[in-house]
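By written order: A, B and C. Residues from 1 in each chain.
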Amino acid sequence: MADEVKLPADSFEPLDKSKHLDSEKIAAPNLTFMQDAWRRLKKNKSAIIAMIILIIFFVLAFGSAFFSPHNPNAVNPQLANLPPKWPGVNINGLNGTLVQAGSRVNAYQAAGAGAGVHYWLGTDYLGRDMLSRILFGTRISLTVAIVATAVDLLIGVTFGLFSGWKGGWVDNFMQRVIEIIMSIPTLVVVVLLILILKPGMSSITLAIAFSSWTTMARLIRAQTLELKEQEYVLAAKTLGESSIKIAFKHLLPNLSSIIIIQTMFTIPSAIFFEAFLSFVGIGISAPQASLGTLLNDGQKNFQFLPYQMWYPAIVLSVIMIAFNIFADGLRDAFDPQTKG
Amino acid sequence: MQSKETILKVNHLKINFNTYAGTVKAIRDVSFDLKKGETLAIVGESGSGKTVTTRSIMGLLANNAVVEGGTIQFHDKDVLKMSQKQLEGLRGAKIAQIFQDPMTSLDPTMRIGRQIAEPLMIHKGVKKDKAMAQALEMMKLVGITDAENRINDYPHQFSGGMRQRIVIAIALINYPEILIADEPTTALDVTIQAQILNLMRELQDKISTSIIFITHDLGVVAGMADRVAVMYAGKIVEYGTVDEIFYNPKHPYTWGLLSSMPTLDTDSGELASIPGTPPDLLDPPKGDAFAARNPYALKIDTEQEPPFFKVSDTHYAATWLLHPDAPKVTPPDQIIQRQAKFAAMQKEAKQQHKIEEEEEQQ
Amino acid sequence: MELDNAKKVLEVSHLKQYFNVGKRDEVRAVDDISFDIYEGETFGLVGESGSGKTTTGRAIIHLYRPTSGSIKFYGQEIIGMKDKKKMQQFRRDMQMIFQDPYASLNPRMKVKDIVAEGIDINHLAKNDADRSKQVADLLATVGLNRDHASRYPHEFSGGQRQRIGIARALAVQPKFIIADEPISALDVSIQAQVVNLLKKLQRERKLTFLFIAHDLSMVKYISDRIGVLHYGRMLEVGTSDEVYNHPLHDYTRSLLSAVPVPDPEYERTRTQIKYDPKYEDGSKKRELVEIVPHHYVQCSQDEIPMYQERAKSMGLSVKEPG
């Protein structure tokens, strides 16, 4: 029985509160939102793998000057159309041999290349090293995509934030503007822009940014409409905070998750769009390479030398898939709907 | 007062949650039972564990929950050991639950007649037209006006109070043995709340369902409950009949809860409130979890958790103040007034009992 | 409370706030209400959902632009105020505490920055050290620890978050605070904590409060005078004792009868009075009339005798017209 529990003599003295008891203690560690999101992201294995793949590609592409074994633009007509040759490896497809007219031929010997000469991914129709071209091409594709996305972000966020915050007829007007822009076929806009600005990296970048900012703008506007009714924004107003300060202090930080996620989805679209434009010939021009131009070049020889198209295509696909998976993982990490 | 059959027995339930910050000991040893036809109110602050307890009865715990120990006996079967299939057979049929927010409890894309009839069709295999007819009857029973015409309406066409009635209809259509009501009126206006509580009382009589009523509002408890269990930091600290808890409370936490509610004749002096915040269950304090906020704390409260001390056959409280060696303390004024009332009620009951005995002898 | 000589802090006259004016879904959230608040008192504004109480509060603090009417704060008209300096002073003198502890604090900001926002806007701190000290003092005033300043809102409980919101409002040294249902989202035991804190602050800092609530029991405890709102109209105004013990309007009576009390015996016998809105139909012009000294009821001229009878039957002395 409870009454018979044996207890030390001084048990029933009143407790001296001042000593140890904190009635407002918080035991959990102090995490910022980003730290918390990172913790959640780490649990998502596929997102982390995608992230690592992307990091590898970025390092290789932007360090292409380091990693390229050859000059990507150096033309060697006598060494044209050589298949990949990996030193010491003797698997068909990687040993410098081709099937020509039914029989396997050592293409390197046939072209008169020296013993120490090898191309990891083969050469194209002008004798240029595929690996180097792919590295440089990836760099260009990524650069265009990222800059375009950055411009897209800037225009889209500002437009959407302003439209959502102002509300009323300003919002109405700005949304109609977006609708008009969206109703014009993208390709038409891009072609017109390139005609005016002349083809080149900057015009492509602008064209891509111009055609995709509307999505970001709409997303940001929707979220702003919701955020501006939140009580902490009202509290900032009652404290006399100016609209600009509210936008930077209260709205943007809470919009950041959406911005980051949307950016991660926009980049692969931009990469693909650039590739598409270059593929159809109105994008990057020779001798510069981008993944799209490489695909275009490779397409000419696809029947007999498929590797010339496969390798750029694989690189393009892997990058896009990785971005999408990573963005998906980010979205789950930023959105703490699921507990634990 | 004939003794009623016990239909649910929760024994020494212990549940932990694995979170990134560590293990949260949400339920630290909870035992109670529920008798047929009665209303048991579980009272406590947010985080005391009342919702987790009811979730475990329905087998609806989150993925990161680990049952460390204990059993939940429903008619001699342990719910914690049941398979998904068995649990699905229980839910909506023998044990039903209604929640706080009628907006999110109803499917916005399904007509309400269908939503009410669904549990019948699923659990009892009743054919659609028969089920819809019964649904209509249920709608009238819960007081939905113009039921014949409204049976094909969607939830958004009803007010908050009406929606809660629909939720109740869905829960009760299979005449469940236990109805778990988790803060069902907290989100409603006070006039609507009164109507819904009246409705629940009437229906309980008609259907003889037992109700587990979770709330932090002691006024609602006073009007609904037969017995009350007070929870704090994952444990039950006091339980008894509603009169015992309200007029003869023994645990300082119960004293604090009762003193912090103004009654209609509270004057404008200071309202007694419990300082501080409930402890973080990631790191429950040693001894009595309430000690940090307890103005009557004793030294032993930081060393050993108090066991249950008996106050009467139906009333137990887990506080060292009830130990025979503990000093006598003066409870807050409001509690003293209540205890005076209790003494008067006891006296009256004794006299009444005496009169009845004498009458019987004649 | 010597009402006849007290200074008026707030004068609301014929305030109307309509949304979607003229369209099919026009909402008359606040439909011609008038009341005054005196210095040092707490005025409780009570109403159920849809009564317009939150809208009234937000209109007074200049978050909404009223459709018509006048709001005077210390004699100055608030509606349409253009002067920037005066606006800034207004934003210091009048502050608000919000209802939802989970939405009233920016989840991405540290508590320190949340509390200091008003200090930063008004340049009330000399330097960083002064700012930190002010924040620490404010946190201590509301019963929180110093080290809570570097934490984020999601780490706190509802009651603690409300206290952070109070600290934020106090930072600019206001004279008048609108508390918009500050305790509705809290557990009952924590409600008492917050209410006690507000009362203490009122005493120590000589504040005036507009306390908006739907919970009648707590409102009576904290308010000096009470106004009852229903569907955007003010139905009854009086001291809290008067309104509670001698309710004159049918709606007030029905509202009071629905409040649950933590007393089982009382609850067993309590019956709710059902409300018949016949005295609220739009057929007659009704306004607040002083039936008993300092106790007003919304009624039409021909309903006055009826209310006077009610008052007399409760033992009150009626104010004779004229």
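Basically, contacts are C-beta pairs under 8 Å (C-beta built on N, C-alpha and C of every residue); 3 or more make two chains touch, one makes a residue touch a chain.
This structure is a prediction, so every number in the text was calculated from the model and none was measured.
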Field: Reference chain B; chain at largest CA-centroid distance
entry: A
Task: Write out the two chains that share the greatest number of C-beta pairs in contact.
output: B-C
Field: Centre-of-Cα separation between chain C and chain B, whole angstrom
entry: 32
- prompt: Measuring from the mean C-alpha position of chain A to the mean C-alpha position of chain C, what distance in angstrom results?
  reply: 51
Query: Which chain A residues reach two or more other chains?
result: 22, 24, 26, 28
Field: Residues within chain B bordering two or more other chains
entry: 275, 277
Field: Interface hub residues of chain C, defined as touching at least two other chains
entry: 143, 160
Field: Residues of chain A that touch chain C when the two form their complex
entry: 22, 24, 26, 28, 30-33, 230-232, 234-241, 245, 249-250, 253-254, 256
Residue ranges of chain B in contact with chain A within the complex: 17-22, 62-64, 275-277, 279-280, 282-283, 285, 291-294, 296-304, 307-310, 320, 323-327
- request: Report the residues of chain C in contact with chain B in the complex, numbered from low to high.
  value: 48-49, 143, 157-160, 187-193, 195-196, 199, 214-218, 220-221, 244, 254-255, 257-268, 270, 272, 275
Field: Touching residues (chain side chain A, partner chain B) in the complex
entry: 2-3, 5, 7-8, 10-15, 17, 20-29, 39, 339-340
Message: Looking at the complex, which residues from chain B come into contact with chain C?
response: 45-47, 160, 189-191, 193-195, 197-198, 216-223, 242-243, 246-247, 256-264, 266, 268, 270-275, 277-278, 341, 345
